[in-house]
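Written below as C-alpha coordinates is the structure these notes are about.
By letter and in written order, the chains are A, B, C, D, E and F; residue numbering begins at 1 in each of them.
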(Lines give C-alpha, C1' and ligand atoms only; values in the text may rest on other atoms or scores of the structure.)
Protein backbone atom coordinates (compact mmCIF):
# COMPACT_ATOMS: atom_id res chain seq x y z
CA UNK A 1 0.00 0.00 0.00
CA UNK A 2 1.86 3.09 -1.20
CA UNK A 3 2.43 5.89 1.29
CA UNK A 4 3.17 9.34 -0.12
CA UNK A 5 4.91 11.86 2.13
CA UNK A 6 4.66 15.45 0.95
CA UNK A 7 7.21 17.90 2.31
CA UNK A 8 5.46 21.08 1.25
CA UNK A 9 4.49 24.60 2.32
CA UNK A 10 1.62 25.69 4.58
CA UNK A 11 -1.68 25.27 2.81
CA UNK A 12 -5.40 25.67 3.51
CA UNK A 13 -7.69 22.67 3.92
CA UNK A 14 -9.21 22.94 0.43
CA UNK A 15 -5.74 22.84 -1.13
CA UNK A 16 -4.83 19.75 0.90
CA UNK A 17 -8.15 18.10 0.04
CA UNK A 18 -7.43 18.53 -3.68
CA UNK A 19 -3.80 17.47 -3.26
CA UNK A 20 -4.81 14.21 -1.54
CA UNK A 21 -7.59 13.50 -4.04
CA UNK A 22 -5.50 14.07 -7.16
CA UNK A 23 -2.26 12.47 -5.93
CA UNK A 24 -4.21 9.40 -4.79
CA UNK A 25 -5.84 9.11 -8.23
CA UNK A 26 -2.46 9.25 -9.96
CA UNK A 27 -0.90 6.69 -7.60
CA UNK A 28 -3.92 4.37 -7.81
CA UNK A 29 -3.92 4.46 -11.59
CA UNK A 30 -0.19 3.97 -12.03
CA UNK A 31 0.41 1.35 -9.35
CA UNK A 32 -3.01 -0.31 -9.91
CA UNK A 33 -3.78 -0.35 -6.17
CA UNK A 34 -6.76 0.86 -4.13
CA UNK A 35 -5.40 1.83 -0.74
CA UNK A 36 -3.11 4.87 -0.71
CA UNK A 37 -1.93 6.87 2.29
CA UNK A 38 -0.80 10.48 2.05
CA UNK A 39 0.94 12.44 4.81
CA UNK A 40 1.37 16.18 4.30
CA UNK A 41 4.12 17.89 6.28
CA UNK A 42 3.57 21.64 6.23
CA UNK A 43 6.98 23.28 6.55
CA UNK A 44 7.51 26.92 7.46
CA UNK A 45 9.76 28.78 4.92
CA UNK A 46 12.40 29.13 7.64
CA UNK A 47 12.55 25.34 7.90
CA UNK A 48 13.31 24.78 4.21
CA UNK A 49 16.72 25.21 2.59
CA UNK A 50 17.09 25.73 -1.16
CA UNK A 51 20.65 25.70 -2.52
CA UNK A 52 22.08 26.87 0.79
CA UNK A 53 19.56 29.56 1.65
CA UNK A 54 16.48 29.53 3.85
CA UNK A 55 13.35 29.74 1.70
CA UNK A 56 12.21 32.46 4.12
CA UNK A 57 15.23 34.59 3.14
CA UNK A 58 14.68 33.95 -0.57
CA UNK A 59 11.03 35.06 -0.25
CA UNK A 60 12.02 38.14 1.80
CA UNK A 61 14.67 39.11 -0.78
CA UNK A 62 12.17 38.81 -3.63
CA UNK A 63 9.72 41.02 -1.80
CA UNK A 64 12.71 43.46 -1.57
CA UNK B 1 21.09 2.08 15.53
CA UNK B 2 17.48 1.77 14.37
CA UNK B 3 15.44 4.95 14.02
CA UNK B 4 11.66 4.63 14.03
CA UNK B 5 9.60 7.43 12.53
CA UNK B 6 5.94 7.41 13.53
CA UNK B 7 3.54 9.30 11.32
CA UNK B 8 0.60 9.36 13.70
CA UNK B 9 -2.21 11.48 15.15
CA UNK B 10 -2.02 14.11 17.90
CA UNK B 11 -1.49 12.44 21.27
CA UNK B 12 -0.92 13.42 24.90
CA UNK B 13 2.46 13.01 26.58
CA UNK B 14 1.50 9.86 28.48
CA UNK B 15 0.46 8.16 25.23
CA UNK B 16 3.76 9.12 23.58
CA UNK B 17 5.71 7.97 26.64
CA UNK B 18 4.11 4.53 26.40
CA UNK B 19 4.50 4.43 22.61
CA UNK B 20 8.26 5.12 22.86
CA UNK B 21 8.74 2.66 25.72
CA UNK B 22 6.91 -0.24 24.10
CA UNK B 23 8.13 0.28 20.52
CA UNK B 24 11.72 0.55 21.78
CA UNK B 25 11.32 -2.73 23.69
CA UNK B 26 10.03 -4.50 20.56
CA UNK B 27 12.79 -3.11 18.36
CA UNK B 28 15.51 -3.86 20.92
CA UNK B 29 14.35 -7.44 21.36
CA UNK B 30 13.94 -8.19 17.66
CA UNK B 31 17.05 -6.45 16.31
CA UNK B 32 19.11 -7.30 19.44
CA UNK B 33 20.37 -3.72 19.80
CA UNK B 34 20.40 -1.29 22.72
CA UNK B 35 20.21 2.17 21.20
CA UNK B 36 16.91 3.00 19.48
CA UNK B 37 15.68 6.42 18.35
CA UNK B 38 12.00 7.22 17.90
CA UNK B 39 10.61 10.36 16.25
CA UNK B 40 6.86 10.99 16.53
CA UNK B 41 5.29 13.24 13.91
CA UNK B 42 1.87 14.36 15.12
CA UNK B 43 -0.24 14.98 12.03
CA UNK B 44 -3.51 16.93 12.05
CA UNK B 45 -6.41 14.96 10.43
CA UNK B 46 -6.48 17.52 7.61
CA UNK B 47 -2.88 16.62 6.79
CA UNK B 48 -3.57 12.90 6.34
CA UNK B 49 -5.10 11.32 3.24
CA UNK B 50 -6.74 7.88 3.35
CA UNK B 51 -7.79 6.40 0.01
CA UNK B 52 -8.23 9.85 -1.53
CA UNK B 53 -10.02 11.61 1.32
CA UNK B 54 -8.75 13.84 4.09
CA UNK B 55 -8.94 12.00 7.42
CA UNK B 56 -10.57 15.19 8.76
CA UNK B 57 -13.44 14.75 6.27
CA UNK B 58 -13.80 11.04 7.10
CA UNK B 59 -14.03 11.87 10.82
CA UNK B 60 -16.53 14.70 10.17
CA UNK B 61 -18.70 12.40 8.03
CA UNK B 62 -18.74 9.71 10.72
CA UNK B 63 -19.82 12.26 13.32
CA UNK B 64 -22.62 13.08 10.80
CA UNK C 1 10.32 23.58 -3.13
CA UNK C 2 8.09 20.61 -2.38
CA UNK C 3 9.73 17.19 -2.06
CA UNK C 4 7.52 14.14 -2.52
CA UNK C 5 8.69 10.83 -1.07
CA UNK C 6 6.91 7.80 -2.49
CA UNK C 7 7.05 4.62 -0.44
CA UNK C 8 5.84 2.24 -3.11
CA UNK C 9 6.39 -1.16 -4.73
CA UNK C 10 9.03 -2.20 -7.28
CA UNK C 11 8.25 -0.67 -10.65
CA UNK C 12 9.78 -0.46 -14.13
CA UNK C 13 11.35 2.74 -15.44
CA UNK C 14 8.38 3.67 -17.63
CA UNK C 15 6.04 3.46 -14.63
CA UNK C 16 8.37 5.67 -12.58
CA UNK C 17 8.74 8.13 -15.47
CA UNK C 18 4.95 8.54 -15.61
CA UNK C 19 4.64 8.68 -11.82
CA UNK C 20 7.17 11.53 -11.62
CA UNK C 21 5.65 13.40 -14.53
CA UNK C 22 2.07 13.25 -13.32
CA UNK C 23 2.73 13.79 -9.60
CA UNK C 24 4.93 16.80 -10.45
CA UNK C 25 2.15 18.28 -12.58
CA UNK C 26 -0.38 17.90 -9.75
CA UNK C 27 1.99 19.39 -7.16
CA UNK C 28 3.03 22.26 -9.46
CA UNK C 29 -0.57 23.16 -10.23
CA UNK C 30 -1.84 22.96 -6.66
CA UNK C 31 1.10 24.62 -4.88
CA UNK C 32 1.77 27.01 -7.81
CA UNK C 33 5.51 26.26 -7.80
CA UNK C 34 7.92 25.19 -10.55
CA UNK C 35 10.61 23.14 -8.85
CA UNK C 36 9.43 19.80 -7.44
CA UNK C 37 11.59 16.90 -6.24
CA UNK C 38 10.33 13.32 -6.15
CA UNK C 39 12.11 10.40 -4.47
CA UNK C 40 10.76 6.90 -5.13
CA UNK C 41 11.58 4.22 -2.57
CA UNK C 42 10.92 0.81 -4.07
CA UNK C 43 10.03 -1.52 -1.20
CA UNK C 44 10.01 -5.31 -1.47
CA UNK C 45 6.66 -6.86 -0.31
CA UNK C 46 8.49 -8.43 2.64
CA UNK C 47 9.48 -4.94 3.80
CA UNK C 48 5.92 -3.62 3.95
CA UNK C 49 3.44 -4.31 6.73
CA UNK C 50 -0.31 -3.89 6.23
CA UNK C 51 -2.48 -4.25 9.34
CA UNK C 52 0.04 -6.49 11.04
CA UNK C 53 0.96 -8.75 8.13
CA UNK C 54 3.82 -8.66 5.65
CA UNK C 55 2.52 -7.66 2.22
CA UNK C 56 4.55 -10.64 0.91
CA UNK C 57 2.43 -12.99 3.03
CA UNK C 58 -0.82 -11.33 1.94
CA UNK C 59 0.17 -11.72 -1.72
CA UNK C 60 1.23 -15.37 -1.17
CA UNK C 61 -2.08 -16.16 0.56
CA UNK C 62 -4.09 -14.61 -2.29
CA UNK C 63 -2.19 -16.70 -4.80
CA UNK C 64 -3.24 -19.67 -2.59
CA UNK D 1 -3.97 5.71 9.82
CA UNK D 2 -0.51 5.62 11.40
CA UNK D 3 2.44 4.82 9.18
CA UNK D 4 5.61 3.57 10.87
CA UNK D 5 8.89 3.89 9.01
CA UNK D 6 11.70 1.72 10.36
CA UNK D 7 15.24 2.71 9.46
CA UNK D 8 16.93 -0.51 10.51
CA UNK D 9 19.55 -3.11 9.57
CA UNK D 10 19.28 -5.97 7.06
CA UNK D 11 17.02 -8.68 8.44
CA UNK D 12 15.54 -12.01 7.35
CA UNK D 13 11.85 -12.36 6.50
CA UNK D 14 10.93 -14.03 9.81
CA UNK D 15 12.45 -11.12 11.73
CA UNK D 16 10.51 -8.61 9.62
CA UNK D 17 7.30 -10.63 10.02
CA UNK D 18 7.62 -10.47 13.81
CA UNK D 19 8.62 -6.80 13.73
CA UNK D 20 5.52 -5.86 11.71
CA UNK D 21 3.22 -8.01 13.84
CA UNK D 22 4.41 -6.72 17.19
CA UNK D 23 4.84 -3.05 16.23
CA UNK D 24 1.36 -3.05 14.68
CA UNK D 25 -0.09 -4.51 17.88
CA UNK D 26 1.56 -1.81 20.02
CA UNK D 27 0.44 1.00 17.68
CA UNK D 28 -3.10 -0.37 17.40
CA UNK D 29 -3.46 -0.67 21.15
CA UNK D 30 -2.01 2.73 21.99
CA UNK D 31 -3.63 4.79 19.21
CA UNK D 32 -6.84 2.71 19.27
CA UNK D 33 -6.86 2.31 15.48
CA UNK D 34 -7.13 -0.74 13.22
CA UNK D 35 -5.24 0.13 10.06
CA UNK D 36 -1.48 0.50 10.49
CA UNK D 37 1.16 0.67 7.75
CA UNK D 38 4.78 -0.27 8.36
CA UNK D 39 7.66 0.36 5.93
CA UNK D 40 11.01 -1.25 6.72
CA UNK D 41 14.10 0.34 5.17
CA UNK D 42 17.01 -2.10 5.39
CA UNK D 43 20.18 -0.02 5.56
CA UNK D 44 23.68 -1.42 4.95
CA UNK D 45 26.11 -0.61 7.83
CA UNK D 46 28.07 1.63 5.45
CA UNK D 47 24.93 3.75 4.98
CA UNK D 48 24.43 4.44 8.68
CA UNK D 49 26.35 7.03 10.70
CA UNK D 50 26.58 6.84 14.49
CA UNK D 51 28.22 9.79 16.24
CA UNK D 52 30.32 10.62 13.20
CA UNK D 53 31.43 7.12 12.21
CA UNK D 54 30.06 4.66 9.69
CA UNK D 55 28.40 1.76 11.49
CA UNK D 56 30.41 -0.50 9.12
CA UNK D 57 33.65 0.92 10.58
CA UNK D 58 32.41 0.56 14.14
CA UNK D 59 31.53 -3.11 13.49
CA UNK D 60 34.90 -3.74 11.76
CA UNK D 61 36.78 -2.16 14.68
CA UNK D 62 34.90 -4.29 17.21
CA UNK D 63 35.78 -7.43 15.25
CA UNK D 64 39.40 -6.16 15.54
CA UNK E 1 19.44 16.46 -6.41
CA UNK E 2 20.10 15.45 -2.79
CA UNK E 3 17.42 16.17 -0.21
CA UNK E 4 18.47 16.27 3.43
CA UNK E 5 15.81 15.78 6.10
CA UNK E 6 16.83 16.91 9.56
CA UNK E 7 14.89 15.49 12.48
CA UNK E 8 16.12 17.90 15.11
CA UNK E 9 15.10 20.07 18.07
CA UNK E 10 13.39 23.47 18.07
CA UNK E 11 15.82 26.15 16.91
CA UNK E 12 15.82 29.86 16.13
CA UNK E 13 16.03 31.18 12.58
CA UNK E 14 19.73 32.08 12.78
CA UNK E 15 20.57 28.53 13.85
CA UNK E 16 18.56 27.09 10.94
CA UNK E 17 20.14 29.56 8.50
CA UNK E 18 23.61 28.37 9.51
CA UNK E 19 22.53 24.71 9.50
CA UNK E 20 21.21 24.99 5.93
CA UNK E 21 24.24 26.94 4.72
CA UNK E 22 26.86 24.61 6.17
CA UNK E 23 25.09 21.29 5.45
CA UNK E 24 24.50 22.41 1.85
CA UNK E 25 28.19 23.25 1.47
CA UNK E 26 29.23 19.81 2.76
CA UNK E 27 26.73 17.99 0.52
CA UNK E 28 27.64 20.09 -2.53
CA UNK E 29 31.35 19.47 -2.07
CA UNK E 30 31.07 15.75 -1.41
CA UNK E 31 28.44 14.85 -4.00
CA UNK E 32 29.73 17.46 -6.50
CA UNK E 33 26.23 18.82 -7.15
CA UNK E 34 24.77 22.34 -7.06
CA UNK E 35 21.14 21.94 -6.12
CA UNK E 36 20.52 20.71 -2.57
CA UNK E 37 17.24 20.73 -0.65
CA UNK E 38 17.08 20.72 3.14
CA UNK E 39 13.94 20.16 5.22
CA UNK E 40 14.17 20.79 8.97
CA UNK E 41 11.62 19.07 11.18
CA UNK E 42 11.59 20.71 14.59
CA UNK E 43 10.52 18.05 17.10
CA UNK E 44 9.36 18.83 20.63
CA UNK E 45 11.31 16.82 23.30
CA UNK E 46 8.11 14.92 24.11
CA UNK E 47 8.01 13.68 20.51
CA UNK E 48 11.50 12.17 20.58
CA UNK E 49 12.40 8.82 22.14
CA UNK E 50 15.97 7.97 23.13
CA UNK E 51 16.60 4.40 24.26
CA UNK E 52 13.03 3.97 25.45
CA UNK E 53 12.54 7.29 27.21
CA UNK E 54 11.00 10.57 26.05
CA UNK E 55 13.71 13.19 25.58
CA UNK E 56 11.42 15.50 27.60
CA UNK E 57 11.69 13.14 30.59
CA UNK E 58 15.47 12.81 30.21
CA UNK E 59 15.80 16.62 30.19
CA UNK E 60 13.46 16.96 33.20
CA UNK E 61 15.41 14.33 35.15
CA UNK E 62 18.73 16.09 34.44
CA UNK E 63 17.29 19.37 35.67
CA UNK E 64 16.41 17.36 38.82
CA UNK F 1 19.33 13.33 19.35
CA UNK F 2 19.18 14.65 15.80
CA UNK F 3 18.71 12.16 12.99
CA UNK F 4 19.74 13.23 9.51
CA UNK F 5 18.25 11.39 6.54
CA UNK F 6 20.13 11.89 3.28
CA UNK F 7 18.25 11.16 0.07
CA UNK F 8 21.23 11.10 -2.27
CA UNK F 9 22.88 9.29 -5.17
CA UNK F 10 24.90 6.06 -5.15
CA UNK F 11 28.30 6.67 -3.55
CA UNK F 12 31.38 4.69 -2.55
CA UNK F 13 32.20 3.95 1.08
CA UNK F 14 34.89 6.64 1.36
CA UNK F 15 32.41 9.29 0.17
CA UNK F 16 29.84 8.13 2.72
CA UNK F 17 32.47 8.04 5.48
CA UNK F 18 33.34 11.68 4.79
CA UNK F 19 29.68 12.67 4.45
CA UNK F 20 28.84 11.19 7.86
CA UNK F 21 31.93 12.69 9.53
CA UNK F 22 31.43 16.20 8.22
CA UNK F 23 27.63 16.37 8.54
CA UNK F 24 27.87 15.07 12.11
CA UNK F 25 30.44 17.75 12.95
CA UNK F 26 28.19 20.51 11.57
CA UNK F 27 25.11 19.18 13.41
CA UNK F 28 27.03 18.67 16.68
CA UNK F 29 28.45 22.18 16.57
CA UNK F 30 25.21 23.93 15.66
CA UNK F 31 22.81 21.99 17.89
CA UNK F 32 25.42 21.57 20.67
CA UNK F 33 24.71 17.85 21.01
CA UNK F 34 26.98 14.78 21.00
CA UNK F 35 24.87 11.93 19.63
CA UNK F 36 23.90 12.28 15.95
CA UNK F 37 22.44 9.59 13.68
CA UNK F 38 22.77 9.71 9.91
CA UNK F 39 20.93 7.45 7.46
CA UNK F 40 22.00 7.55 3.81
CA UNK F 41 19.46 6.42 1.22
CA UNK F 42 21.23 5.74 -2.06
CA UNK F 43 18.71 6.38 -4.84
CA UNK F 44 19.17 5.21 -8.43
CA UNK F 45 18.77 8.08 -10.99
CA UNK F 46 15.59 6.39 -12.26
CA UNK F 47 14.09 6.72 -8.79
CA UNK F 48 14.59 10.49 -8.56
CA UNK F 49 12.38 13.10 -10.21
CA UNK F 50 13.59 16.64 -10.86
CA UNK F 51 11.00 19.11 -12.13
CA UNK F 52 8.93 16.36 -13.73
CA UNK F 53 11.71 14.31 -15.31
CA UNK F 54 13.58 11.23 -14.13
CA UNK F 55 17.15 12.16 -13.20
CA UNK F 56 18.18 9.13 -15.32
CA UNK F 57 16.63 10.78 -18.40
CA UNK F 58 18.25 14.15 -17.62
CA UNK F 59 21.66 12.45 -17.31
CA UNK F 60 21.08 10.46 -20.55
CA UNK F 61 20.06 13.62 -22.42
CA UNK F 62 23.19 15.48 -21.23
CA UNK F 63 25.37 12.63 -22.40
CA UNK F 64 23.54 13.10 -25.78
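Worth a mention:
In the analysis below, a residue touches a chain if its C-beta (ideal position, glycine included) is under 8 Å from a C-beta of that chain, and two chains touch if they have at least 3 such contacts.
For clarity, every value in this text was computed on a predicted model and none was experimentally measured.
Chains touching both chain B and chain C: A, D, E, F. Least step count on the touch graph, chain A to chain F: 2.
Chain pair with the larger contact count among A-E and C-E is A-E, by C-beta pairs in contact. Once the centre of each chain is set as its mean CA position, chain B and chain E turn out to be 20 Å apart. Inter-chain spacing, taken between the CA centroids of chain A and chain D, is 26 Å.
Within chain A, contacts with two or more other chains are made by residues 1, 3-5, 7, 19, 23, 35, 37, 39, 41, 48, 50. Under the touch rule stated earlier, the contacting chain pairs are A-B, A-C, A-D, A-E, B-D, B-E, B-F, C-D, C-E, C-F, D-F, E-F. Residue ranges of chain A in contact with chain C, taken from their complex: 1-9, 11, 15, 18-19, 22-23, 26-27, 30-31, 35, 48, 50, 55. Those residues of chain B whose C-beta lies close enough to touch chain F in the complex are 1, 3, 37, 39.
Chain C meets chain D in the complex at residues 7, 41, 43, 46-54, 56-57. Every residue of chain F that touches chain D in the complex is listed here, in rising order: 3-5, 13, 16-17, 19-21, 23-25, 28, 34-42.
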